[in-house]
Amino acid sequence: MDSVNSISEAAPLRLRDLNAVLATGVREDGRKLDEYRNIDIKTNLYEKANGSAMVRIGNTVAVAGIKIARGAPFPDTPNDGVLTVSLELLPHASPDFEPGPPDEGAIEMSRVVDRGLRESKSIKYDELCIIPGKSVWIIYVDVYALDHDGNLQDAAGLAALAAVLTAKLPEVKVEGDTVTELETKRPIPIVETPVPVTVAKVGDHLLVDPSAAEEEVSSVRVTMTTIESGVVASIQKSGSDSITMEEALKIYDLAFARAKEIRGKLTAALGVSPA
Amino acid sequence: MVEAVDSGSKPLLSPDGIRTDGRKIDEMRKVKMEVGLLKNCSGSAYIEQGKTKIIVAVHGPREAHPKHLAQPGRAILRTRYHMAPFSTSDRKSPAPSRREIEITKVIREALEPAVMLDEFPKTSIDVFIEVLQADAGTRSAGITAAALALAEAGIPMRDMVAAVAVGKLEGRVVMDLNEEEDEHGQADMPVAMMPNVNRITLLQLNGRLTRAELEEGLSMARRGVDQLYEMQKQALREKYTSSESAQEED
Amino acid sequence: MDSVNSISEAAPLRLRDLNAVLATGVREDGRKLDEYRNIDIKTNLYEKANGSAMVRIGNTVAVAGIKIARGAPFPDTPNDGVLTVSLELLPHASPDFEPGPPDEGAIEMSRVVDRGLRESKSIKYDELCIIPGKSVWIIYVDVYALDHDGNLQDAAGLAALAAVLTAKLPEVKVEGDTVTELETKRPIPIVETPVPVTVAKVGDHLLVDPSAAEEEVSSVRVTMTTIESGVVASIQKSGSDSITMEEALKIYDLAFARAKEIRGKLTAALGVSPA
Amino acid sequence: MVEAVDSGSKPLLSPDGIRTDGRKIDEMRKVKMEVGLLKNCSGSAYIEQGKTKIIVAVHGPREAHPKHLAQPGRAILRTRYHMAPFSTSDRKSPAPSRREIEITKVIREALEPAVMLDEFPKTSIDVFIEVLQADAGTRSAGITAAALALAEAGIPMRDMVAAVAVGKLEGRVVMDLNEEEDEHGQADMPVAMMPNVNRITLLQLNGRLTRAELEEGLSMARRGVDQLYEMQKQALREKYTSSESAQEED
Amino acid sequence: MDSVNSISEAAPLRLRDLNAVLATGVREDGRKLDEYRNIDIKTNLYEKANGSAMVRIGNTVAVAGIKIARGAPFPDTPNDGVLTVSLELLPHASPDFEPGPPDEGAIEMSRVVDRGLRESKSIKYDELCIIPGKSVWIIYVDVYALDHDGNLQDAAGLAALAAVLTAKLPEVKVEGDTVTELETKRPIPIVETPVPVTVAKVGDHLLVDPSAAEEEVSSVRVTMTTIESGVVASIQKSGSDSITMEEALKIYDLAFARAKEIRGKLTAALGVSPA
Amino acid sequence: MVEAVDSGSKPLLSPDGIRTDGRKIDEMRKVKMEVGLLKNCSGSAYIEQGKTKIIVAVHGPREAHPKHLAQPGRAILRTRYHMAPFSTSDRKSPAPSRREIEITKVIREALEPAVMLDEFPKTSIDVFIEVLQADAGTRSAGITAAALALAEAGIPMRDMVAAVAVGKLEGRVVMDLNEEEDEHGQADMPVAMMPNVNRITLLQLNGRLTRAELEEGLSMARRGVDQLYEMQKQALREKYTSSESAQEED
């Protein structure tokens, strides 16, 4: 029931200034409108996690850790493993974040990460089945926002993706209803790389990968997750303003182009790519 | 209970483009709208879209509560999307789920561009959307009904808002998914628009669309929104006609 | 721990006026003191519910939906099915209702509905047993207050009753511990019709079926649920004042007489009556 | 653990009107009352009624907290009925149940008619009722003890309040049910009254009574309340006598 | 996240006075610095509990009740029973206590009671096993603070200890996976008596068993739980100040000496001592 | 998953005083400290102690929130000790456990004696401690890192604070338990100290120690604190050196 007032009272003036700047095609931090910040990816940070990754986009940092457990499948998908994403905006990340249960913004962000990974069908959930109808792998992806300088959505999504791409599951031996975990490990079966890219609208301009200052004056943000083939696997419009159909398609083009670049960096940094 | 459907064995779309419930590709489900049925709120609307049934009430503009939420220069818009425990195949817990919290947010942001919040500083306009029966498309039908209820409450709006979900079945883009199609189809894309200014206020996608399909889906949603907008105007007209005739009877 | 101040600060003046009006034997809306408002009952509104009903008393509306599930019985009643009533005062119903977990008023109201249905023993719980000690039908009755113009208690109780009277359970086949639900359905076994009637005390007057305006100035409300034979199956006094023994008995007489009329309307509207 | 009782095989009332614990039809359980046993509150009382054991503390009149609850013209009365985890046959979760929330409300409304709230504007009078052992009749014993604790705290009252549950066993109306009778009997009707003004402040019924039984039950409750009222006065007298003699000793 | 301001604004003045008094070696209530208040212990107060005790230390009162149930052991200790301590600061005990879920102070207090009983290894948890890996006794110790005149920690700990020492478990007969509770009872197997003693620091003075007034001006409280042999089985420093190593050892000496005395009173009052 | 260890069959300490991870009795695990790695807070620090990994951020001094917590004469210190869901062998629920709530309190009380709260009336200084990987000693490592982060935030302090847990294995007092030692050892005693004024600010014990072992444990903790204090100073020095050289580059 929270009402989020995304544009602060002092914003209009600042927005006017910014609009003038953006008309020159250059952003406050020197980037072009369609330019992404530097991305840094580190993986396998925590031995107790089955997978982990830290992603830095400029001064924005998110970390993701994966824990796996065996459990029952959902009744309507008895042969499929389960992936579940949680996200916490750590109070470390910003003076504006308070500890406690996630608010609607954090819940939306985690569900967008979740849909990017889950609804894209890029993960082969049937290969996470141990005993049909009885036992499957449950993959917990816990994402932390650690440092907030804008576009936590992409940082969270990329950290989750990098953690999934590098996580390891134990192989199992099944005899009747008895499951034994073996020493050998295998990766999570993922066949595509769904990469989220967020575009913010400030005045009439579309800005790729908004900084915190840009987010503050933006009226709308759209996150599109695309895979190698150009298929878009998840979209989320967020913010209290509208867009045109033309803008929606232009955002797709920006998202697909940037995702391609990021996918390259990701496979380079990780040394792995989907099977 | 919902009948289990094996999407592998039974196609959701016949070769000649007919869906399992007999509809054509670009055909919306049967829609029924009614406004003003609740008496103790500022405005209300009821919508049936196929088997989806939703009731919306609006309270306000009224003093914002708690007070610290009040904004000096404008009204705040509060929304709540909630599902009745008996609205789904298995009983739903009444506690708000993470899904309901997210939908509450995107619905608010789908209505905010249309509502003239500047006109009512320091107040709150509260929109309560209750799903009485869920058969897919609840967020879009909720938006369509919420805009109706806001209009009946006399809240000034820049434009109406109407919404519909388009989807993909057997590789074809289709209008207004029902629950079976939503569960077993290839994509679900709810879209809300302001029909006169031709702008999108809600856009989500679950599933897989090519760029061409995305474009086709947005166009189809635009046509759906137009149909719903005509029905919204008709529902409001009926309401005012019946109010007037009721007054004449007095 | 909430302290409810049922009589508002402005009430005394209004109460004095009302008392004078009531002395004439006619209420603000033209009813006599012992007169109930019009009742309208609709059932089977929602296909996904096992039963449902909407009850309108004047401008007060409540809706009830029933979902059933198989589950374990309570350890101390291994051969009995379970009925559980929840009630939510939807924010739709009144500008005074906020969404969220039920407050003490809503909890009291749902427990009064629950006792009316459950403690009256009108439902044959043993006929809801599937496998003794292991599997029984659990009947969830969820009631929503939709529009509040007074006496939500009776509207909720009648909606719950009408939903139970028209709900359908699948027949089952039991082989060992395996339970198969059949296509054929049967009603919930109910042998009496426990009808709640609420009487409010305003000044020295007892008013049947109070409107919202009457409730606001009433000091006490008493709900009595009676069955065909005249047996009273549940009583609840609510509100921060007292009554005399004579008033208690007079309330019984009013409740029994009105329940008889309502029972007639109910069976007429539903086309069913308890077995 | 409570011994399982097959009410079918073993009658709760013998043909000559004797109950399973040896009591007659209109006989109350043994009652013990004590006031002033706690030192860090405004007033306190302890009651044993059969095996039911309850301790009550009163704080106030004191500043209402949170402040927005304060009423300009009167005190607010806050109550809390709560059961200790070890008070029942199976351990009770410490979180307040829906039953405890309802009982908290009806107890408050049973005490409010007696307490002169107008005398203490803007304050709060807080009554905390803790059930240490539950053997039926806890809400009525809680009210009897709460009224005692209010009196010891010096809160002005229009009248005392005392309460007892009457019930029905084998078709006969009986006084003050114990747990076995409550579980297997035919009705349970807790009644609170102000003994001097002869008015009912709490009335609930679970079970099945005819009009005649209802009338008989109310009369029996009235007699029970009279007995409890005498014991309340005695407990207060003992307290003040012992306080006075204690003062003399000083 | 609560910030507890243990020294109230008015405290400094009062602390100065108190320091002067304490320098004389005599406390406000006439006790010497290392003197404990009178202790009164009552047990078996509630028939429905498996054990119960009320401990009075001066005007401080705590009560503990024990309920037992059969349940599954923790996976990492399949042959051990389970003990779990909860504590509630009843609103009865002090005008400062509000009802509701325990705050950090109550949680700390219950965990100190818990560690005193559990981590001392004084209870033979293996003798609480019924069927290894499947069924063990779970012992719920629920402690209530009833009246607060300081040192609730020790009152709670002693009430819990006395309740455990006098509680009774049913003997069981195990046939395969079937467990039958017999009429005969046995005590909880406890072989030592871990007695908590709290020492408060006020100014430069160490005060055993602080009253409420002393606690209010104390900067630190240390609770040490010792057993017969002199072994210290749990320590907790609480409060926003520091102590020296010498003070820590002096507190140990005070705690051990007082525990010895209390242990004598306890076994005398209870007529039982650990096996 | 943590490998199951049968402490009966495999001693945690060899006859010549070597621990299962090869350390000597009084040897601390490898420690790594870094300050200033987070950009959107007043101060931050990261610590690795063996496999325990913790990140701490400090916000403030800033306006206390909610306002009623503000103290007229001093700042309030808020702390939060929390474990990441992926930090433990089995996934930890993100909701704060009773253990985390207790540790939050004792950590706050371990830092309060050192922080000069009087300098910032009415404000709040907030210390957030997040355990990214837990391998024993998390509260002590959390304190060591929290003090570093406070220093980097420029909060005036009377003294540094550092902490280490000592324990008992096979009857011998040892420095800085790892997880295996913590689970199967005989005692665990976390100690925080202000190294210059030689005072203990946190002291807890789980397990069994004689008076002599208690004394030995405190002395060993003192030596551990000295080592950590040197590393804290070094970490701060590196930070300021790198800041200065960074400035020169500008």
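Just so it is clear, A, B, C, D, E and F label the chains in written order, and each chain counts residues from 1 on its own.
Just so we're on the same page, contacts are C-beta pairs under 8 Å (C-beta built on N, C-alpha and C of every residue); 3 or more make two chains touch, one makes a residue touch a chain.
For clarity, every value in this text was computed on a predicted model and none was experimentally measured.
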Chain labels contacting chain C and also chain E: D
Least hop count linking chain A to chain E through chains in contact: 2
Chain separated most widely from chain F, comparing mean CA positions: C
Whole-Å gap between the CA centroids of chain B and chain D: 52
Inter-chain centre distance, chain B versus chain C - centres from mean C-alpha coordinates, in Å: 32
Inter-centroid spacing, chain D versus chain C (mean Cα positions, whole Å): 27
Residue list for chain C, restricted to those that touch at least two other chains: 1, 99
Where chain B touches two or more other chains, by residue: 80
Arrangement of touching chains [line / ring / star / complete / other]: ring
Circular arrangement of chains, read from chain C onward through chain D: C, D, E, F, A, B
Chain D contact footprint on chain E (complex, rising order): 45-49, 52, 59, 61, 63, 65-67, 69, 86, 88, 90-95, 99, 101, 140, 142, 144, 146-149, 212
Complex contact set, residues of chain B against chain C: 38-41, 44, 51, 53, 55-57, 59, 62, 80, 82, 84-91, 94-95, 126, 128, 130, 132-135
Touching residues (chain side chain E, partner chain F) in the complex: 1, 3-5, 9, 104-105, 107-108, 110-111, 115, 119-121, 222, 230-245, 248-249, 252-253, 256
Touch list for chain D against partner chain C, complex: 69, 71-73, 76-80, 98-99, 101-102, 104-106, 108-109, 112-113, 124, 189, 194, 197-211, 214-215, 218-219, 222
